[in-house]
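Below is one structure, written out as structure tokens, with a few remarks after it.
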Amino acid sequence: MNRKLRMGMVGGGRDAFIGAIHRIAAHMDGLIEVVCGALSINPEIAKASGEDLFLPADRIYMNFEEMITKESRLPADKRMDFITIVTPNFAHFAPAMMALDHGFHVVIEKPMTFTFEEAQQLHQKVQETGLLLCLTHTYSGYPMVKQARAMVTGGVFGKIRKVWVEYPQGWLSKLSEREGNKQAAWRTDPKKSGKAGAMGDIGTHAAHLAEYITGAEITHLCADLNALVEGRLLDDDGNVLLRMSNGARGVLMASQVAAGEENALKIRVYGENGGLEWAQHEPNTLLIKWLDQPTQILRAGGNYGDRLSSFATHNCRTPGGHPEGYLEAFANIYRNFALTLTARINGTTATPEMLDFPTTKDGVRGMAFIDNVVASAASDVKWTEYRI
Amino acid sequence: MNRKLRMGMVGGGRDAFIGAIHRIAAHMDGLIEVVCGALSINPEIAKASGEDLFLPADRIYMNFEEMITKESRLPADKRMDFITIVTPNFAHFAPAMMALDHGFHVVIEKPMTFTFEEAQQLHQKVQETGLLLCLTHTYSGYPMVKQARAMVTGGVFGKIRKVWVEYPQGWLSKLSEREGNKQAAWRTDPKKSGKAGAMGDIGTHAAHLAEYITGAEITHLCADLNALVEGRLLDDDGNVLLRMSNGARGVLMASQVAAGEENALKIRVYGENGGLEWAQHEPNTLLIKWLDQPTQILRAGGNYGDRLSSFATHNCRTPGGHPEGYLEAFANIYRNFALTLTARINGTTATPEMLDFPTTKDGVRGMAFIDNVVASAASDVKWTEYRI
Amino acid sequence: MNRKLRMGMVGGGRDAFIGAIHRIAAHMDGLIEVVCGALSINPEIAKASGEDLFLPADRIYMNFEEMITKESRLPADKRMDFITIVTPNFAHFAPAMMALDHGFHVVIEKPMTFTFEEAQQLHQKVQETGLLLCLTHTYSGYPMVKQARAMVTGGVFGKIRKVWVEYPQGWLSKLSEREGNKQAAWRTDPKKSGKAGAMGDIGTHAAHLAEYITGAEITHLCADLNALVEGRLLDDDGNVLLRMSNGARGVLMASQVAAGEENALKIRVYGENGGLEWAQHEPNTLLIKWLDQPTQILRAGGNYGDRLSSFATHNCRTPGGHPEGYLEAFANIYRNFALTLTARINGTTATPEMLDFPTTKDGVRGMAFIDNVVASAASDVKWTEYRI
Amino acid sequence: MNRKLRMGMVGGGRDAFIGAIHRIAAHMDGLIEVVCGALSINPEIAKASGEDLFLPADRIYMNFEEMITKESRLPADKRMDFITIVTPNFAHFAPAMMALDHGFHVVIEKPMTFTFEEAQQLHQKVQETGLLLCLTHTYSGYPMVKQARAMVTGGVFGKIRKVWVEYPQGWLSKLSEREGNKQAAWRTDPKKSGKAGAMGDIGTHAAHLAEYITGAEITHLCADLNALVEGRLLDDDGNVLLRMSNGARGVLMASQVAAGEENALKIRVYGENGGLEWAQHEPNTLLIKWLDQPTQILRAGGNYGDRLSSFATHNCRTPGGHPEGYLEAFANIYRNFALTLTARINGTTATPEMLDFPTTKDGVRGMAFIDNVVASAASDVKWTEYRI
């Protein structure tokens, strides 16, 4: 295949937040071009947004049904290869299912669906169609997160005893949903966001990170969810005790009322011999702690011979000291998806490093996490078994 | 009074850890001299340890009973003013009670006693005798902890919503109590340490810090305590969900199996308008976070006019940039105790800053914390009401 | 104009370092597409590299002369708009001049030319043709560098007294140019790199940053340049005392033998009332120091109302806490160049924020810096006047 | 010897800064007691200050001559063992000489004397009398500075190529000497402070640190000294290029007009294989950087077996994570002086660790540094040979 992959976009019109991020991530490595879009349910915004992206008029669609239908009728050397869905949570499922039914691969913003049941159906559909679905759990795209996973699952620290993952933000410290903040409005509205607020929006990221790095699964949890801002309809803060399948105990914290915090996702993992610490605000650094040796500062792109995992180096574009960030982590997910899809089209074999992007399996667990954490929060019993 | 206060010491002989720390703290400001001691239950060590301290032979005692009895018979201008008790937890109560009964003031290492009941009796005895008892909850002696308390209780951040306090150490990552480590041996022995391991040793510090800074009390807790090192008799790791009397939700974590961590006590508090973060490893810095302004770095001794509380400046010895540490925090407790005692002896009034040291009230809450957290850990019900 | 700008590339074939960076930077914002290239002087590499970029066979050229000639004959709606030159220093001038002569705009990697005289000619040519030339002094593309410039030149700190800029790297700590390291080989070869080694490669970045942030110019310097690795032909380490046109004194340090350092460019500026500190390794943070108030942590994308300059916010893609890095800083230069060029094509007005990218004026000063610092290093007199 | 050492103090009365620091440092380890003092040239302050220290009335002296004379007549088991001199620079020499002439050992605040010639005489006197003179170059008392010295002089990093030492403070950013600031007044007055301002006050610390850690000597320097605050009589800012006896090149910066900085002494040393970084603001951390391995964080009191030098561990009082600071570094100098003096009195052998405190040799070099740096600043020639 001697061409870029062709992407169509659902959602992500002017003023949307995450849509623009997806486009940067898709563009960055020169492997993907945006060829069409159904960018807004408002026709005028849809049209203007398409023009912003230099889309030809006949590929600016008014809704996803039109886009999928018309694109599927285009010749193979012109029609989109996959769609990216960046609508609010409640509007993920329908376009994803329709796209798969029409033979298009899918990239989808997390949480994957509105309900756990939808997630299961989508997972089933992917299995049936054999198509690719990529879920953009951004934080697993960071090279030092991949390094962390390689070290923990490789047994470097011995048996894992403890996992602490925290995700404080402060941007919902006021009742912004009543003050015209659109991002706040849909995220705190149970009809658009789902059963959970902060736990769905960012708690799922934290849970995914904990499971991704440890290669273990949450088996039991004990949740305390609260709406700490008066008048809020969904949880804006939560603390959850964890038990994991590897025997580790843990804590997961997610808050959107930690006033003054930006986006401070951080994880610490401890085993018998040492542990690690990674913080999203300084993502190129991974602290490696040892029981009886000095802490080491591992850096993305570091000049350490083969000390860095191939999963870390594969996801770096620059040598050490040229900081890559959130957009590159996001782009790593797109890049791995694109490399895997290209390999499939070309009939070659995708490497394990290429295949390392989140899929419906992660999406199903993400929706299950929401259900389980909400069930636990409603229970007076300490430990709730994680059901899926 | 134109003299140093005279201190007698119970415990703290050669090779003891915390006894040497107490002496440094007592000596630092030139307000206290060690005049006698019952430094070990081993007579030879007691004698040698007394000589290390340049004590006269007749004031090196073989046990606390002898010391208290004989000192009480010395003339007023010679006998000790107070005793400091630095024995393992199970041996705090008896010398403290006897000292108070003989008219001596007391300084005592935390946790105050072996059981909650002893703590209550000691508190009662202090009330009856009118003598001073000072509990060395070291971390409340740091100037920036006092600054944090002043700001939080002064309402700077509005209503407090969230408290996160964590205390990871790694030094018990192996079963060191079976390998000749004396510090590990008594701390993990229920007969010497009490009901709780890590929660008693360091969890109590974390709980005290959270209550000290917020001026609020823990009202409910949900604890998960574990002995993560096989063969250990007491908890070496715990995670506790908190509800506090000011409506805040919180998490308290204490671990002695966080391999590679030193003594990483840290607290974060968030209110409506902002919050703060303080870490013991860099104790001269207090991060002040705001909802809509840049984070500020407050520094001990900082040149900010009256922006620093008098409680912070009273507890600094140096201008900004001359780092004070753990020993100075410890010395602040001794210094405030000494200034308060001197004021009492002189018939003058101790200022609020001088009076700001932990007492039996804190000790009773500390022992109650241990009881409550152990009770919660044993319960299948999510929330345990904090009883005292 | 309803299309992406079309870029042709000179240099940057397989295994080149900076060429790949330029492409990522050009692609990221969806404003530019690479349409042709003369990617290597080796025909096979040129061809393979072009295929990597999905270029059509007839626009993979064998050298820049062919590319410029043939592209200039293409219809206006197809031919490239500008060329990007990413060859070693000695091969910048010829393609730049030829491109300008044929009516193409130019993006060029720094240092702009091989000699000061070439720089002057290129500057003259740009004046004559009225075309755009953009010089990729990457570090001036960071939003917090732009914030620093806005604050310093806006007088926030009063008269500036001191500038410290340092740029330590460690990658030339061994004689790597003799061990097959291609990057090392041309950079340490006077025939390819020019008069200076580290001072040309990274010292020019440091000098540009100091002048960009302060809005002042170096007027005198006192340089100590050394080749600290035995056998090296050009300086690998240098320390330079500075006097600046605003009266400030300063130090500029550049080293490529600071073993263990990555790419640790850092600048500190102090004025009468306070100062600032910015480090490339954590580029989203700008420390603001005050004479009598706590230090503030300004963050890219921070939620501070209008406290951040429009030059900072214009160059951010994400809200605070979503770290942007080196590639985004690089992309900011491309994006501003693209917005300016698009405005020119459309006959609209570019804003000051768009126009804020380095040009031949910066390139001329960069080459003058090299000449002046080398002259000073050769002199026994303390101060050398900066000539241009 | 079964007693504390007895110290007499010259200077350091109420409101003096450094005198109180010396007392804390002397008291901390329980090895020294203050027995007498000539604490102020103002008799009332002298008396009141002596009472603050609980000195008996007959050992509160009105001037150093009286103190030395009368103490020398006291019986051996009562009279002071040594004097500590904490007066302004111009008043160091006379009491030091007289004390040595009367058989008393000496502790003296740096810079050792007012002129280089005095320093030479004092050094000569110490040689003649065989008494101890300890110079309180505080920063060499930090355990991680000693660790740095052990590693660099032990050859861990190979040949040393580069030394960067910087010491920014901001407290003289205004003309405070005219606004009633006594500390500022004498330090900026050539009659009391000497030839140099910032270079004498803090530049000497930086120079000492560079020579102490590297075990090498400055051989040539090129200085730019300036009084950046209008009306100031002595330098308040300086930048100095260095050549050292081990072939290393370097930079030394000292400023008291770096507005917003506290006391930010920092040093970086680079050799063939790696380097180190130490900053006084976080003194318990030493960064160890390697050419091809991850950076390590060495911590004072760290649990690394014998990886820490005996010189580092000897100067720690607490295990890792219990931060020691400026006062403990200061106390280390007193403690080593006291242990050495006690060994001498007892006829035992002081260990190399005990003997590791600054003496007149350091004091002579400190005064020579001032002379040389001032000479270089006055010269138009680039390099001034360091003469002593």
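Per-chain residue numbering starts at 1, and chain names A, B, C and D are given in the order in which the chains are listed.
We take it that a residue touches a chain if its C-beta (ideal position, glycine included) is under 8 Å from a C-beta of that chain, and two chains touch if they have at least 3 such contacts.
Nothing here was measured: the structure is a model prediction, and the numbers come from that model.
> Trace the shortest sequence of touching chains from chain B to chain D and report its length in steps.
Shortest path length, in steps: 1.
> Measuring between mean CA coordinates, which chain is farthest from chain D?
Computed centres place A farthest from chain D.
> Let me have the rounded angstrom distance from the C-alpha centre of chain A over to the C-alpha centre of chain D, please.
It comes to 55 Å between the two C-alpha centres.
> Would you mind pulling out the distance in Å between where the CA atoms of chain A average out and where those of chain B do?
44
> Can you list the chain A residues in contact with two or more other chains?
In chain A, 261, 291, 295, 299, 302-303 touch at least two other chains.
> Within the complex, which stretch of chain A touches chain D?
288, 291-299, 302-305, 307
> What residues of chain B sit close enough to touch chain A in their complex?
Touching chain A from chain B are residues 157, 161-162, 164, 166, 168, 170, 173-174, 222, 224, 226, 228, 237, 239, 241, 249-251, 253, 255, 257-261, 268, 270-275, 289-291, 295, 379-383.
> If we count contacts the way the header does, which residues on chain B are in touch with chain D in the complex?
2-4, 17, 20-21, 23-24, 27-30, 34, 51, 53-54, 169, 171, 261-264, 280-284, 299, 301-303, 317-328
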